[in-house]
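One structure follows; several queries about it will come next.
By letter and in written order, the chains are A, B and C; residue numbering begins at 1 in each of them.
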Amino acid sequence: MKYIDEYRDGNLARAIAATIAEQAVAGRHYRFMEFCGGHTHAISRYGIEDLLPANVEMVHGPGCPVCVLPVGRIDDAIRLAMRPEVTLCTYADLMRVPATAGASLLKAKAAGADIRMIYSPRDAVLLAEAEPGRHMVFFAIGFETTTPSTALAIGLARQKALTNFSVFCNHVLTPSAIRAILDTDHLPEAERVQVDGFIGPAHVSTVIGTSPYRALATQFGKPVVVAGFEPLDVVQAILMLVRQVNEGRSEVENQYIRAVTSEGNVIARRAIADIFELRDSFEWRGLGELPLSALRLRPAYAQFDAERRFEVIPAPAADNPACECGAVLRALKKPVDCRLFGTACSPETPMGSCMVSPEGACAAHWTYGRFRDRAKIGAAA
Amino acid sequence: MSLPRLRARKLDIRSGLVDLSHGAGGRASAQLIDGIFREAFDNPYLAQGNDQAVFNVPAGRMAMSTDGYVIWPLFFPGGDIGSLAVHGTINDLAMAGAQPLHLTASYIIEEGFPLADLQRIAQSMGRAAADAGTAIVTGDTKVVERGKGDGVFISTTGIGLVPAGLELSGDRARPGDCVILSGSIGDHGIAVMSQRGSLGFETDILSDSAPLHGLVAAMIDVAGPSLRLMRDPTRGGLAATLNEIAQQSGCGFRIEEAKIPVHPAVLAACELLGLDPLNVANEGKLVAVVAPAAADRLLAAMRAHPTGRQASIIGNVTEDDLHLVQMTTSFGGGRILDWLAGEQLPRIC
Amino acid sequence: MCLAIPIRVEALLPGQMARVTLSGVSKIVSIALVENVRVGDYVLLHVGYALTRLDPDEAERTLDLMHEAAVPGLSAIAGYGA
């Protein structure tokens, strides 16, 4: 597969990793956070950690829109789906996410809710057109990569003058989340972020460009390297971060030059701005309430806003108190540091955001990497 | 003077539908069985017209297996629910080393199901059985009300004779044993997914649904006593099968991703939907665990067979008290193949 | 987040749509977010919408830079700007 296979060359990766080992200063510890769940997944799935020297460590960030979706919003979606006239259209990622009292979209479907898995928001619009007797609610999630698609789908629904289509909007913003991770100086020592640099999201950046990261890099003095999703991209980006740290730089660099520009996709951003506006505040699972971090439909599009049409009243729901997702998302703890990891909490019975999706730090570690814990336990014994 | 014979109306296969009378055991049922199933399965047992098949049983160990088929869509690239059902049961017997002796088939049909589709499925089953040197010797049909079935559900049972001297079981894998995969993975699951509405796509990928008894016979011929077990990685894919064996045998695995054959189109479809071929269903492949000394000749025998041309030694059994299936990725790093809780679903994230 | 794959544009269709293909797997998707798409272009596909065009020159340059980085004793990585 062109533009995919060539960036999965293991030999080249090992050679670049050798350069990382050479460049990483002995005695110095480098901790980098990949913000985006897609990078978490790539690192786990390809075993990239095995290639890195011991003093270069990757920690996993909150860039997984499924993971950061609060339990209360899933409850809201289930309630919408249980309405007899509603068909809930959703990405498959959300089907198994546990809500309050062990509910989930999958279980709601079993109980009779009309829930359909779709590939594209466009398909939800076409379904609304094909089934005028049903009201299609599209369960929209995602960072800036996915928001333009929702925007265009709403535009299409308007063009077709559909009255039976609306969107339950949970789109969130990347810079806000990165800021929340970094802005910890006001917190006690134990809760301050301990990261030397970031791997910036690949496809979010095709939309927003690299400029939004500059203010963050400067303000917090951490380098950001925007990287593609393929394993060679990630390894290359890690080398670039090591170099920045060694040289005391905190710049924004773009490794994903084949797809990302500094200005991003203007058409996409215009589409987003046309349909959506900022919410004052939005709850993120594991991170709490973040200001100006999420989107809702503009009043002009009220008829396509499921929250307005069905009078959805937010009902926040709490996570298990023993859940350490907040600390894991901020790289203060590793999955194995959480009491619930592998005991009460597993991909089958996720307790918190880090386990609910295959990209979450805990899920990725469990699914691909937990064999490494044995080595550590063995070494300590 | 003789009474006029009632002229039976012929089944209107072209445009007729299955209705509740076809499952009621009366004349309509008999007509359905005659017109569709007996025609398609064409064997002396069915021709007798009894509710059971009576036959002699050879001496030795018998294997018996049963399965239900609820696949949707019923017709997919490379197969249909009928041939799938026949192959599936033949393969379950084959995994015990058995050649299929006789099969049964029972149908639960939804009211309103087109007779033409039922005939198509039945003929497909008849052909699949005949091609494998076996036959459906007895069966049953029931009809449920509209809305209470998904077109048709099929259940098949099969019996077969296990050759003497063969000891195959999921708990027989031992550290050091070799693991051989008979061919490419992911074909069936992706072929079916390609037809699934919003998640669908255009492709030439065909389901790999096929009977494995011929391949198995060749394998037993060359390495019977050295074989520990065979299993076909159906639902859950290769990852599930390896994990099952690891649990049963109390061992681990070390697998090399680069040795696992996957068709480029299957890889592409998995990229598109965010699936891992290792979790995708197969219906014409098997995994064999064999003593290391016999691995090379077993591989050669498999590759010489039409159903095993892409056979590959993909790894070996390890000592592992955690029963992990570890894999070296083509990239060179390490990961485990996890045992998924449910079916893997496509993802956007 | 954001599974997006590079895929080749095989045909342009009305309504800002296109047929795209990867190793024989095809879908009809929207190209409304990308300007001046031509047959033969590679785009990044995410949930049925092309997000951007892939730049073949930059793709080539990326591989060159990777090969450079694989050389021992490297003192600088040229070429990646902000």
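Criterion: contacts are C-beta pairs under 8 Å (C-beta built on N, C-alpha and C of every residue); 3 or more make two chains touch, one makes a residue touch a chain.
Everything numeric in this text was worked out from a predicted model, so none of it was measured.
Student: Hey, which pair has more contacts between C-betas, A-C or A-B?
Tutor: A-C
Student: Going by C-alpha centres, which chain is most central here?
Tutor: The most central chain, going by mean C-alpha position, is A.
Student: Just curious, how far off is chain B from chain A if you go by their C-alpha centres, in Å?
Tutor: 38
Student: Quick one: report the Å distance separating chain A from chain C, using the average Cα coordinate of each chain.
Tutor: Centre-to-centre distance between chain A and chain C: 21 Å.
Student: Which residues of chain C are in contact with two or more other chains?
Tutor: Each of 1-3, 5, 22-23, 46-47 in chain C touches at least two other chains.
Student: Which residues does chain A have that touch at least 2 chains other than itself?
Tutor: Each of 1, 4, 37-38, 64-65, 91, 119-120, 123, 142, 146, 359 in chain A touches at least two other chains.
Student: Give the residues of chain B touching no fewer than two other chains, as numbers and ranges.
Tutor: 264, 267-268, 271, 347-349
Student: Okay, in this complex, where on chain A does chain B touch?
Tutor: Its residues touching chain B are 1, 4, 8, 10-11, 13-14, 37-38, 44-51, 64-66, 91-93, 95-96, 116-120, 123, 127, 142, 146, 231, 347-348, 357-359, 366-372, 374.
Student: Can you list the residues on chain C that touch chain A in the complex?
Tutor: Residues in contact with chain A: 1-6, 8, 22-23, 29-30, 32-35, 42, 44, 46-49, 51-52, 54-56, 58-59, 61-63, 65-67, 69-74, 76-77, 80-82.
Student: Sort out for me which residues of chain A touch chain C in the complex.
Tutor: Per the stated touch rule, the residues are 1-4, 6-7, 12, 15-16, 18-19, 22-23, 36-38, 63-65, 91, 119-123, 142-143, 145-146, 148-149, 152, 201-204, 206-207, 210, 214, 228-229, 232-233, 236, 239-240, 243, 251-255, 257-260, 262, 265, 267-268, 271, 359.
Student: Which stretch or stretches of chain B touch chain A in the complex?
Tutor: 197-199, 264, 267-268, 271, 273, 322, 324, 326, 328-336, 338, 340-342, 345-349
Student: Which residues of chain C touch chain B in the complex?
Tutor: Against chain B, chain C makes touches at 1-3, 5, 7, 22-27, 45-47.
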